[in-house]
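The structure appears right after this line, and notes come after that.
Chain lettering (A, B, C and D) follows the sequence in which the chains are written, and residue indices restart at 1 in each chain.
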Amino acid sequence: MQMKEYKPLIVAFCCNWCSYAGADLAGNNRLNYPADVKIIRVPCSCRVNPMFILRAFQKGADGVIICGCHPGDCHYTSGNYYTRRRMAALFSMLDFLGIERERTRVEWVSAAEGAKFAATMNDFAEKVAALGENKRLEDLRCKK
Amino acid sequence: MQKITCEQLIEKAVALLNDGTVSCVLGWKKGEFDYDITPALFETEEELKNEFVWNDFCRANFSKYLISKTAKCEGKILVFLKPCDTYSFNQLLTEHRFDREKVYAVGIPCEGMADIDKIKAICGDGICKIECGEKIAVSTIYTDEPTLIDAKDVLAERCINCKSKKHVAYDELIGEDGDVIDSGRFDEVAKLEAMTPDERFAFWQNELSRCIRCNACRDVCPACTCEKCVFNNPKSGVENKSPANSFEEQMFHIIRAFHVAGRCTDCGECSRVCPQNIPLHLLNRKFIKDMNEFYGEYQAGAEVGSRAPLVNYTTEDLEPGEVFDRGNKDA
Amino acid sequence: MNKEYLRDEMLRMSGVNPKKCMKCGKCSATCPAYDEMEYHPHQFVSMVEKGDIEPLMKSESLYRCLTCFACVDRCPRGVEPAKLIEAVRLSVIRQQGANRLKADDVPAKLDDDMPQQAIVSAFRKYSK
Amino acid sequence: MQRIGVFVCWCGSNIAGTVDVQAVSEALKNEPGVVYSTNYQYMCSQAGQDMIKNAVKEHNLTGIVVCSCSPRMHEATFRKTAAAAGLNPYMVEIANIREQCSWVHKEMPIGTEKAIILGKAAIAKVNLNTPLIPGESPVTKRALVIGGGIAGIQTALDIADAGFPVDIVEKQPTIGGKMAQLDKTFPTLDCAACILTPKMVDVAQNDKIRIFSYSEVAEVGGFVGNFDVKIKRRARYVKEDVCTGCGACVEKCPMKKVPNEFNLGMDNRTAIYIPFAQAVPKVATIDPNHCNMLKNGKCGLCAKVCAAGAIDYKQQDEIIEEKYGAIVVATGFNPISMDKFDEYAYNQSKDVITSLEFERLTNAAGPTAGKLLRPSDHKHPHTIVFVQCVGSRCAACAEKGKEYCSKICCMYTAKHAMLTRDKYPDTEVYVFYIDVRTPGKNFDEFYRRAVEEYGVHYIKGMVGKVVPEGDKLKVQASDLLDNKQLHIDADLVVLAAAIEPDKSARPLATMLTASMDTNDFFTEAHPKLRPVESPTAGVFLSGTCQGPKDIPETVSQAGAAASKVIGLLAKDKLTGNPCVANSDELMCNGCSSCQRVCPYGAISYIDKEFRMPDRTTKIRRVASVNPAVCQGCGACTVACPSGAMDLKGFANEQIMAEVDAICK
């Protein structure tokens, strides 16, 4: 087997109104973060179904992060409040099953927080990289 | 031993059937074995007198049956509800799953149901006859004299940790109503929480790897009343009917627990029917325990129309990152 | 003594957060013992917050507070100045404890004529 | 199978500098569904767009992926391009390879690799895209304004001015609201009535405006452009269209001891009454709680003296149903109750009054005909103490006061103090304040004039207690700057009571599915950028129902709300966002989870008949989304356990396809 440098694969779900714009701002300001982070645009963080997160892990993601507007700033007034409850419950459950808690995260990033977006992604990627490959929640068949 | 006798229930059912209040009765009858009591629909006095059963093995929760039965039956249905069943009954009403007008609910007290596996552990295999009286008399093909067992010694886990002897819904109550009990039902969850993540992972790998995806847990669950389950729906993107690997088992059970979170009344049917004895109720209880701790006490089904924690919020809720810092968990 | 340490002690003992104060002065406006006091309730709040506690500990004001809790009741921000005054008072008593009677010393000083009330007070006072 | 065209943009060197665009377009050529792939310097340029249009025609494309800058930048551009080429605009997806790739990564191989993956994700999504057509709904060209204070009046006038009919619903017998009760207005000291009553007359005379006074909104259904509203017109026992407002009945009414709410109970009115001289509509109203005829059938004097024959003791409440395109909430405020503030002796002494009562005492049409007299003994007060922030900025007890600043008290107290000193220079006036807040045009100048020119004593500190003693009020207060406790023998104490939203606002918000904050103020759609719109489409906010405001702010917000309403009513049809939720009726089990999380009330339930496999039919309750109301957040899709609810444009399958493409 060929030894390759381990690079974590990170899926970031970003809400269209705040965090996706925050990611754009990070780009505008040329703030670096690892290319391992791939962003999926959703209208609101409350669109993120736990099934999407599990699916990402199944297909080989090493970490999943969900970014939304700060509580109280949701474009749809209350979406991120639901996200907060759902993800609190889900993450607690994943932890209960013994999945490393550092693999999942929710972060509130506003459209003005390009720097926070980049810093969050750097930090998250670093934490996930430290955990190594996601063995506990991964479908081995799908791995090449 | 149950306080209410089988005769009392038959008498009540016959009376309601004969005076036209109801047109059929949802009750229990003997299955292949004496301990294998199954749900049944009775339409005549004769059927009731010959086949109706009520004893320490009448475990089935009838609430879910009302969905299909009320849609089919012309008149009202008489249903017997143990205290824990009434919670599922209310939860289904909250979700508008059946017409309350078409049901005549009779609440009956329950002293807890027996766990056949515990009996087998005492008497061994080959049980040919069980009689429920003061004590449970178990005869096997290997012994002449029946073994007498105290029902208290073989209570099912969910009955040991019974959350409530109080009926939260009924048209009529036979016997006396009890109280909500401060049970130790979350102790097992807390024990797991106190383990290290590695220990927890090992525990669940061991349990979930036994899953054969028979779907019994889903089919019996009074909260799983979807017209079509996402796991059966090719359009959902997560369709899988049999597990191809351990991940899909986990995914199934996590998603199922998430889908019933806030709706699960903790009736324990999932673990009861699991042929592999996977303690599935622990997943549901974990959600219930978490939500109680994070968002305040909530019991699904305690009242009709209540708003479950996951379809509610406050602006002061804790952050998902904070859930791990709570309690006595390892850092 | 270290200012910050003293302040933290006061806050810990009283459970009061003086940062909530919006400096309206209603505590002092409502205080029936105001004229007797060198430092007034609102000054307690602001001086404790600044860590300026030693002058308070030396002041007679501590013993002029009637603990009537009018200031606690009236404060629009829920700051509870009386509890802060009580905390300062308590810390003085604790410091004095070093050169005062210990609770253990009390029994030796009792005699038959001592009123019951005084014995109880003595224990309460010297065990702080 | 889709026929997808991929267009990779260089964005000059912005993308091409760190991404090998040639390699990207080559790599994406072999993705499923892709029939054409190319790259160009500036895709958004006219030439670039022409390239896309030509490719659509040449290769019969059904879907387009543009690998370029952020969709927030040019998604709209490329959708228009697609539409121009005859494609459904929602068949376009953007892979963001500039902001989220070339600009954040420095090395070419890494940038190129990520760009390819982002392109693949977009292709995977387009493969599952379906053409979306925005729904259209008609607009009823009539607006409803709830509340007839200055906010409602101004909104209604502005809307009517643009030619649209407006109805005002006011629960009092007259419009005018709180402003009608005021004496002068800060900082210009105009007489409130002199500037308000002409507007009230304008409303009455405007043939586009109908006033439903003494009425309430009973029920609201429908959605933006198509609200169905039931208005309850309470029986006033006087035929509104017949009454001439002559006042003969009021003169003759023997029941003269009814507390007059317009003067806050400081004098009495009759059982049949006209609230004040300039009331609009100027018609009498019978108070059924005090009228002898209505209570026990004895009297009937008013009917006898009414020359017009307008009295109708048999009148009943009436429900009117009307359709509206837009609704403006202008429910206003009330001062909070002083009952919990025992320390100020409000309930013990008649001479402790609120500022609104003070307004009536100084108003020429008030109980004292404008002379400043104490309510208890009608003597001139010589020492007056004003207390600010009574119940405002009160975080300690939610039952007692409000945590917010009521905003208007500093200025009206300065006005009261100044006017008192102006009219009665022999009066000593003290104002106890925590902070004096005067951000506004000419506000601080006004306050300084009160201090410097009129000699009002402003004292930094609060009043601790007020004790009535003899005919004096003993005021104990602190002077924080002098570090003294003051004892003042006052003749009159005026409390600047906090203001709170009207009690009718909360049930109204529920009817409108408009959200409120914990203080019962209506929430705006965006606190900075959409301050006069509620998050519920078609519902607008005017005046203090949204937060404490003074008159100029209220009037400007009223105008802003009106312009939003006009913008809406000017449309013949509303075009919705097609990316809305959609419930699969076959799978929905009607559990109501989705309805609970919908912030817009877009989901309702219908009983639908289904054919079963055994040829029987079954009626089931299923969710139905109103696409005109849904804003497409997707909260319902996750709440739905059966996966029946999905979001168009961001479907479960599409997002999972993206996840798969990224993780592959």
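Operating definition for what follows: contacts are C-beta pairs under 8 Å (C-beta built on N, C-alpha and C of every residue); 3 or more make two chains touch, one makes a residue touch a chain.
On a predicted model such as this, the values are computed, not experimentally measured, just so you know.
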item: Between A-B and C-D, the pair joined by more C-beta contacts; value: A-B
item: Chain B and chain D, separation of their C-alpha mean positions in angstrom; value: 47
item: Separation of mean Cα positions, chain D and chain A [Å, integer]; value: 35
item: Per-residue overlap in chain D, given as positions that touch at least 2 other chains; value: 597, 639, 652, 656
item: For chain B, residues that touch 2 or more chains besides their own; value: 230, 236-238, 310-312, 315
item: Numbers and ranges of chain A residues touching at least 2 other chains; value: 50-51, 55, 78, 82, 86
item: Touching pairs among all chains present in the structure; value: A-B, A-D, B-D, C-D
item: Complex contact set, residues of chain B against chain D; value: 71, 94-97, 225-230, 233, 235-238, 259-260, 263, 307-308, 310-312, 315
item: Residue ranges of chain A in contact with chain B within the complex; value: 50-51, 54-55, 57-58, 71-72, 78, 81-82, 84-101, 104-106, 136-141
item: Chain D to chain B touching residues, read off their complex; value: 518, 586-593, 596-597, 605, 618, 620-621, 639, 641-644, 652-653, 656
item: Contacting residues of chain A [partner chain D, same complex]; value: 9, 11, 16, 20-21, 23-24, 26-28, 30-33, 35, 38-44, 46-52, 55-56, 59-61, 75-79, 82, 86, 118, 142
item: Residues of chain D touching chain A in the complex; value: 70-72, 96, 98-101, 103-106, 110-111, 113-114, 117-118, 121, 515, 523, 525-526, 535, 579, 597, 599, 631-635, 637-639, 647, 650, 652, 655-656, 658-660, 662-664
